[in-house]
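After this come two complexes, each holding subunit A, first together with subunit B and then together with subunit C.
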Partner chain A sequence: MVPRPGRVRRRSRETANVWTLELEPDGDGAEPGQFHMLYAMGVGEVPISVSGTSRDGGMVHTIRDAGAVSRALAGLRPGAGLGVRGPFGTGWPLAEAEGRDVVVMAGGIGLAPLRPVLRRLTGRGGKARRVALLYGARSPADLLYPRELDRWRARGAIVEVTVDHAVGGWDGKVGVVTALLGPGLFEPSRSLAMICGPEVMMRFSVAALMDLGMPAASIYVSLERNMKCAVGHCGHCQLGGTFVCRDGPVFRYDRAAPLLGVREL
Partner chain B sequence: MTDDLAERGREGLKRILAEQPFLAGLDAPHLELLHGCASNVRFETGAFLLREGEPANAFYLLREGRVALEIHAPGGPPVVFQTLGPGEVVGVSWLVPPYRWSYDARALEPVRAVGLDAACLRRKCDADHHLGYAMMTRFVPLLVGRLQATRMQILDVYGHHG
Partner chain C sequence: MLLDGLRDAGYGLIGPMRRDGAIVFDEIDGVADLPRGWTDEQEGGRYRLRERSDGAFFGFAHGPESLKRHLHVPHQELWRAERRDGGLDIVQVAPEAPRRAFIGARACDIHAVAIQDRVLTGGAYADPHYAARRRDVFIVAVNCGEPGGTCFCASMDAGPRATGGFDIALTELMDGGRHDLLLEPGSEAGRALLATLPAREASEADRKAAAAVTDTANRKMGRRLDAARAREMLSRVPEHPRWEEVADRCLSCGNCTQVCPTCFCTTEVDSSDLAVSTASRARQWDSCFTLDFSMLHGGPVRHSTRARYRQWMTHKLATWHEQFGTAGCVGCGRCITWCPVGIDITEETAAMTAREETP
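Let's turn to the complex of A and B:
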């Protein structure tokens, strides 16, 4: 429960309000999908998913400046200190990807927790039959990791990008992320989907995948609900008998569906 | 010879119509009726298929190329709110009065499409309600899909929570 000291090694700007921080390695072995509680000294603590690992094992987090704590974290310069707890939670089911058609659907900052997945699936050890990334963002200026999108494409992944609206200079697709789904993208009987983004986007994406024949048990979503302690004690992220911080944040959809239906939380 | 070419052209257009995913399942007599209102059309990059405020005289089934649906605003470039590609339909306002386009549609690259004369098709739908129903059962899901997409875009989910 006590944060350990961490230090920022590198800071890079992704978009107008999104920054990526690489921390000094400290032996942390977080898996794709897991998160850390990052503590901005004197400001507060928030859960941030792992968006990558440096070659020597330093944890990488991509942070959107959306509130007091995330703004303080996103503003940390190389050499600055912060508190780190974790890693916490469940990871993406990478072992299940072997031999299957993997559809990764990301919305907005939701691409960050999926970046390690795409790196693994398109890397040398990637064993998926096919990999497709369907990525939706608010506008062209809000797209994360443009160079990596090209790299994944060059490594054989289908990478489709769409934005909600565009003004001049954008020759890509405009529309909702579900419009990127189409027949032939995956074979339902040997498919796997991993989705991360705003809950509304995830609900519609799941519905569209299931309409195309993907079983609920092949779909994984990453939930984010008011996580405070990260160890299932405080109850802030409790949904029924489930604690999102401890039992998630990655859930198989047939288990997550009743949780997503809880409107009061 | 000229008649032969014209005949081959007509048969070619009939086949193209039958291959359109949007018209899948339409029976032969109705395809024949549609064929009477159809023509092959091309648009160069930057050309407008539709202009906001103009009469909705035709709609298009895209065969090749992409099209941007956009709204223009004074003092700035137009805002693109949707792009469409092969197999998709450009133009739904031809179905409902006052039959005017409510946005622009601009070719982002060379476009080949089947154009359907809207006045011709409306007349045929009035005369043959089965054809009208067949059109409605295709256009209503399209409209509902676009309404849902618009709702998602208006919610601005990535802006607030993403």
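Let's turn to the complex of A and C:
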């Protein structure tokens, strides 16, 4: 599959090493949870999940500069060209949110693929009974989308934030994201959870949700593996019998559980 | 005559030939290039050519190469990008579709092609480069009379007799001092070509002699593997102390994956001019035995040799079924022969099933 030429329309800085790129619209109809392979000229291609859609359909990606390719992508200025393939993979189960208590748990850059979910659920067409976002970041300076956190709160969502290291006058919560879970956030029999973050954070989050009575089949996680082709041909993203690019990245937890329970699988 | 007929029909010939102390699978001009009168001795970590006295054309098992090198090529340029008007111009590299005849493909390797077909063209996305190279292929199978010491195709239902996927199947008959080739068509193209050859009709005795060749090969198979038991065990027990033991011997070199006729994994690489005004993206064979293979921003997922060997073997014998409906192993035994330390997938599975431990 050959990338189509794309162009950066807007670039904004989120944190010290995270940038959001809005691309010129090109008819792409990616769903929340899906990802694109973004190509930086002469450097390479990496999977980046969709973190939003502009009013006229331009794809938005939030990129942490973590390696050569993501650094090159994060450095692209408005007007710069890049390659785009996709969208690929499975999306978040938004259709299942209707009438349910939705718990969104995010760690670090893991909030990026969940932002379109929160926008939809707190927007005019949102049909969830209740929406709660539990979000953890390393430090207050690493928090993504602070203005949107306030907006979701203003629209009735519960938004709880915690950080690992409190610096710079932070008077909020400190600790792991599971500490934000408590009774009253959701009714287990009519709940739905969507989780994205480091794998260890997701494992502990799932365990805590299940302790509170949420069934595994109501929990969705987004997994990450090395990807080259994104179409199930290169073999890199295999996790047990699955190809994360094709069968994921969003998995229902009852399917993901045996895959996450084995070290170095 | 057969080879001349194929060449006249416009096919380039790929067949076995002796080179660098091995039998390789490369372009041949004709019968004279075949490794006539040679055989191979194969054992764990050992491959030697030896002369044989009977002048057999196909009196060997196989070399390190299979059809994979010609259909799912080691290096394939995918597309080129160029900076233009501030943006990128991206152009696909046109797939090549050479018309080629493969001479002397064994049943195991033909099964491997069918497996790669399912991987690369059987899903929602068909790989255009593989599909193009695959399209105009003529396969002359050889029913195997000389399995190697590391062969176990019979255990994987992939040989020694070719049962499909060929245009012509050939059995070399040397019983009672004769030297005949029994040719059987497997497709319309094969039937048409056979009709042009000045061959006599095969007798019942010829057919019996041909069946005896593969029956003998079946008995001489160097290795066995209980595929059903291995699959069941690997699906159920991800942790086993045997992984540690094999990891102590495994060099994680990836030889097994390079000689495997079904291993399909690739990575992608970029090259550009110094000004990065033009760039080219290519894919090349990769191996799940490298650390880079599972690299994420935090480091590799499979950082131990134990985990990488487990991934490879579990994929071949168990998870491949979930993905593509068959095993990913055809029992050719190349991974055993070409392993520098002679690690043997049949021995490892037998040891694991014999000494199964649940964590």
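For this structure, a couple of remarks:
We adopt the following convention: the second predicted complex is superposed on the first by the 262 of 265 C-alpha atoms of A that agree within 3 Å, B and C clash if a C-alpha of one lies under 4 Å from a C-alpha of the other, contacts with A are read in each partner's own complex, and residues count from 1 in each chain.
By definition in this document, a contact is a pair of C-beta atoms (placed from the backbone, for glycine too) under 8 Å apart; a residue touches a chain by one contact, two chains touch by 3 or more.
Everything numeric in this text was worked out from a predicted model, so none of it was measured.
In the superposition on chain A, A:A141 contacts neither subunit B nor subunit C. By the touch criterion defined above, A:V176 reaches subunit B but does not reach subunit C. Look at A:R225: by the touch rule set out above, it reaches subunit C but stays clear of subunit B.
Look at A:V43: by the touch rule set out above, it reaches subunit C but stays clear of subunit B. Looking at the superposed arrangement, the partner reaching more residues of subunit A, out of subunit B and subunit C, is C. In the superposition on chain A, A:A68 makes contact with neither subunit B nor subunit C.
By the touch criterion stated above, A:F204 is placed in contact with subunit B alone, subunit C being left untouched.
Shared contact residues on subunit A (touching subunit B in one structure, subunit C in the other): 198. On the side of subunit A, the complex with subunit C involves touching residues 1-7, 39, 41-45, 64, 66-67, 70, 79-83, 198, 224-226, 228-229, 231-236, 238, 240-243, 246, 262-265. Across the interface of their complex, subunit A is touched by residues 78-79, 81, 83, 86-92, 119-120, 123-125, 127, 238-239, 264-268, 270, 272, 276, 279, 281, 283, 286, 288, 293-298, 301-304, 306-307, 311, 315, 318-319, 321-323 of subunit C.
Taken in their complex, subunit B has these residues touching subunit A: 68-69, 76-83, 108, 148-149, 152-153, 155-162. Contact residues on subunit A toward subunit B in their complex (touch as defined above): 107-110, 136-138, 142, 162, 164-168, 170-176, 178-179, 197-201, 204.
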